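Next, two complexes with chain A in common: one pairs it with chain B, the other with chain C.
After this line comes the complex of A and B, so read on.
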């Protein structure tokens, strides 16, 4: 019941996003110009017959004479069946283009998030259990540094140090097998994960410090349980809320980050595709990416909400 | 070796390093508890009673420096290895904490929390530990234990949770149980059940117990010996039987005197009436509904709960007369606060009518109601959180006057006078709330309420969060101010002794309904309803006063009415009618 309710809310969000994106793309540029170049804007009287025919044909192929809402409805209908249309650039089906480029970007995002969580959780537990002592204070400086450094600078730094100077990691993306994929994506994933690690560590540390002052922690200690048991088995789970919330929200921001990273490391992912498409006003591609990102964002945040109720049985899945 | 003490503290001191310099929270505490005996540690907040036990349990922050000797069965606790220390905490000693609502991990099942200690310390298998957990829950008289272990803490009531905490403390058969204010957060009837349980278990398991409490009544019923502490110092150590003797330490005597006395009626109850019969019609046949300042008729308040509603207040009717203090008593969840607060429409009643000075409050527009609110002021339970921490005392007290503009009756000079009246030196008017103690904050709250020159003061548990000596001062202050400002007061409290000392009339509520209503003396000396008698019999310290008979006369408390109510699980459709049973005394039909 809850899931159905959330899914329908989710559908509305996605619809709204696609509508806004479709409207923006149509209002900001004339599709014909993108398709046919200057002839679309020239006075029809100056055109040759061939050109005029091209124009009419294009209008018919892309239904450009229909009103805006009809076109949106048609696009939406096609999109639901998985038909995102063809790219203006090379007439390739957008679906194929996305299918080629999405997996590596998804891989990179999951990689970065996993890396961030695996590093941030133990780090936060360590600092919270030693709050305001030397290790914690040093951690604060480090994590603010990680938050402060812009991705583009970090990318250059990592690339220079680990790929060029010490040559530990390859300079180019290598997709020959899973091992080399993981290895060659390590630096890009670190670059994406760095601000996430710091964010998660700060949030979890703060929540843990307040959880550690709860009575039930004193009760657990009074039962003679070990420090590790108290930290990981009692304190961690009720402290994960803020981190989890930001984890969900970050999913959108990560796409933005991956544009820079993919560009720099030459990874043929969706980030690069969308940059190229935006520059060329290739709006079937842009719209497809918008849809995918928004669906992903919404799905992950619904999952996060469901996770809340798993983390804390007092949270009920209704309302 | 019955003579060897189980736990012995010799000259124990605890010092906290604070930015303002070292603070000595415990100064040279020495005590000993023998196997099977019960020791009470009594004191007000800041006495060091909890800190000393936390020192034993190694629960103090790193900024605490501990000096002195802690011996357990002759063994030096402070020299224990890490592993021995875990065993000492988990097996030798069981600890029960004050607040059952926060002592259990909200995200773990009861069973898991009960068994983890046993599995860790005794190496029991999961099945064996679960079987033992069921046994323990049965031992603490929790019904359906095998279902409980699969539940989460939030599915249990406060009293049930405290039983779980006790079961947890008993899991590894401790020789000593330390109970730190185990019943302070609980209702009085639940308090008695829990204390009875601790007594029985102590006997069954031959455990020693240290009972930490601020309540002299609680220790007087339950312990063999008492240590009285004040600001880190030990005042005296005394056999409980001699606790109320007259040659006690002056602090012990002052603590005892500050306790509201449930046997003592307000001596002015009738005098006032005689002096000022026009305003204060305390003689019942003179009481004329036309003169009531507040009339409540068939008040219903529903709260949304899940898909349905929870009826917090169910068709309650009563009158309040000018100049009187009406005490509203009952256990948590009985609707006493909701009833009083719905008079100022916070929350607005679901149905029913409320007249204030003849005006039906529900007929007023928002603006008219806002104007009336100046007449009806409130003070709250938690003095500190009810004051805005970022504003100065002066701003807090003046705010209402500013809102009401120049029509406000108070000039600055009168506000200064008001601060003096509540016992706050006006030269501190620029200070912020955190610079004051709880009692002082409550005084500021009172000044804030009085700044608007109200006619009615609704006091919601105004002294429950305060130490007993401070409580006595605030009650006295409220009483004085009531006279000076010609106030009518609704006084909500779970503490019957306090109500006896301040109220002229008392309304007893149970499960959203009125069960008994009458003059304070009638309720306390001649309680008719089984629920009222049940409440009265649960008051701690009653033993020392000669039991229920001495205060409520005659018939014993019979739990059967309550049992049948509870097992019914829901209210009868009809509200039992209130039947007059004395000159100023009504009781619900059963």
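After this line comes the complex of A and C, so read on.
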């Protein structure tokens, strides 16, 4: 029941998000100008044949001769069936463009998440086991700084320190094989992971501290289990819930961050595709990416909610 | 005692501060004073808070004074001897050599085209701070009033507003800002508006939640029994109680808006003309050769942005803890 309710909510939100993006294109200014730029307003006699064909095609692809709601319905139908239109600037199918670009971005995001988890969990366990002592207080300051530094400043710092000053990592993205891909994406992934590490560390630390007050921890300790065993085997698992809740929310920040990181490090992902499209005024690509990324974001959040309700059944009762 | 009126309000907050025990300021006050531990709000906010405020005051003051401190265009090149604190015009190139290091009179060094980095940073702060400020004002005006009205009247309006908030939060923030700025134009006004739109939903949600709590309280019921109109209850009873605790959120939100503007500028989709921290950091920090010969041109503005955002976050956090608005999560 809970899942059905959550999924129907998701459907409603997806409809609203796509509607908003499409309405923005249609209602903020002239849709044809938004799609094609200045040629939409030029005198038809001045245009080349190609440009005239673009005009006709844009009218057809976005159903501009239909009333607005019909237009939205038909466009949504196209999107659902995987027809995202065509770029009028470099004649590439948006679908192909996204299929080429998305894997790198996903790779980068998963990389950053893994890095964040691998660093944040031991760090949180360390600070929780020494709560309010010197190491923990120093950690609080460090994680506060990690949360505060903007990604665009962090990428420059990392690049300067580890690619220019000490030339440990390559300055360019290298996709020749998996090893060099992982190696050259290390700095970008660290930049993306930094705020995540701090968020996870703070949440997990708080949860761990309260878990460590529980009776079953006292029992485990009384049985003579080692500190490490108690922390990692007994306390960690019931403390992971909050981390999971922010996982979905963080995906949104991760998407924003990966646009910056891809643009700066020259990684040919979907974020860079958006910026390139904006710079050449290629709105069909922007629209498609906005819709796809937002829908992904909504779906991930709902999936995390549903997963969460399995792990902690009390959530279902609240809803 | 002259302070008696402030006593009842100070005591519960001091107790709450005692639970957090992070700065230990409560433990310092001697109990033999007779009254319950009464630490002034200024002390409870802590040294870090006042350091943050000091930095913010400095940054804002320099931003406001920039036109006074700055020479006319071209003036700096004519008399290169600058012993006092005057800045060359930020767009003046070749006021120094390319990527000269910091020195007296050229405190932050010069950038790739020989512009004064300090002057650029101060002038850049004007756009960054102003965009952040305008965005937060929009967020508070629109989000705050929608949230209060929705929370007070409930019903269908509440449902619609809550749904709109959910939709706005369903977009990844930067994606929404990009969508709006590409459609409306990359001008100062529209950047501020699009960042303001991003602030509406978080501010509005919180205002609504706070209103729901306060609308149940006795003083609201009392006002209603006395025959106060809805508009009076909202403006005189609810607004002060809902918005003032949210001032901490304004600081945090401004930090977020400044970062967002910096990000847009860094990506080249902010104001085409004019300077901004993000643009400056991109110009000096995106080229490996520039970074190698003159890292200071990028590092100085980075430090300034970092300290500013950190101060806003820290001051906001401290205010939130001291005024104990628990659900002020942004």
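Quick note on the criterion: the second predicted complex is superposed on the first by the 258 of 319 C-alpha atoms of A that agree within 3 Å, B and C clash if a C-alpha of one lies under 4 Å from a C-alpha of the other, contacts with A are read in each partner's own complex, and residues count from 1 in each chain.
Just so we're on the same page, a contact is a pair of C-beta atoms (placed from the backbone, for glycine too) under 8 Å apart; a residue touches a chain by one contact, two chains touch by 3 or more.
The structure displayed is predicted, hence computed values, not measured ones.
Partners chain B and chain C, once the complexes are superposed on chain A, both fit on it without clashing. Contact with neither chain B nor chain C is seen for A:122 once the two complexes are overlaid on the shared chain. Once the two complexes are overlaid on the shared chain, A:13 sits against chain C while remaining clear of chain B. Once chain A of one complex is fitted onto chain A of the other, the partner contacts of A:77 are absent, as it touches neither chain B nor chain C. Between chain B and chain C, it is C that contacts the larger number of residues in chain A. Using the contact criterion defined above for the overlaid structures, shared-chain residue A:152 touches chain C, although it does not reach chain B. Shared-chain residue A:144: touches chain C; no touch with chain B.
In the superposition on chain A, A:135 contacts neither chain B nor chain C. Centres of mass aside, this uses C-alpha centres: at chain A, the angle toward chain B and chain C in the superposed model is 80 degrees, to the nearest 10. After overlaying the two complexes on the shared chain, residue contacts for A:24 are found with chain C alone; chain B is out of touch.
Of all C-alpha pairs spanning chain B and chain C in the superposed arrangement, the closest lie 5 Å apart. For the contact definition in use here, the chain B contact set and the chain C contact set of chain A share no residue. Within the complex formed with chain A, the residues of chain C that make contact are 163, 166-167, 170-175, 178-180, 182-184, 255, 259, 262-263, 266-269, 278, 281-282, 285-286, 288, 291-292, 295, 298-299, 302, 305-306, 309-310, 313-314. Within the complex formed with chain A, the residues of chain B that make contact are 57-59, 85-91, 93, 95, 97-99, 102-108, 116-117, 120-121, 152, 154, 165, 168, 171. Listed in rising order, the residues of chain A touching chain C in the complex are 13, 16-17, 20-21, 24-25, 28-29, 34, 144-145, 147-153, 156-157, 159-160, 163-165, 171, 251-253, 255-256, 259-260, 263-264, 274-275, 278-279, 283, 286, 289-290, 293-294, 297-298, 301. Listing the residues of chain A that touch chain B in their complex gives 214-216, 218-226, 229, 233-234, 237-238, 311-314.
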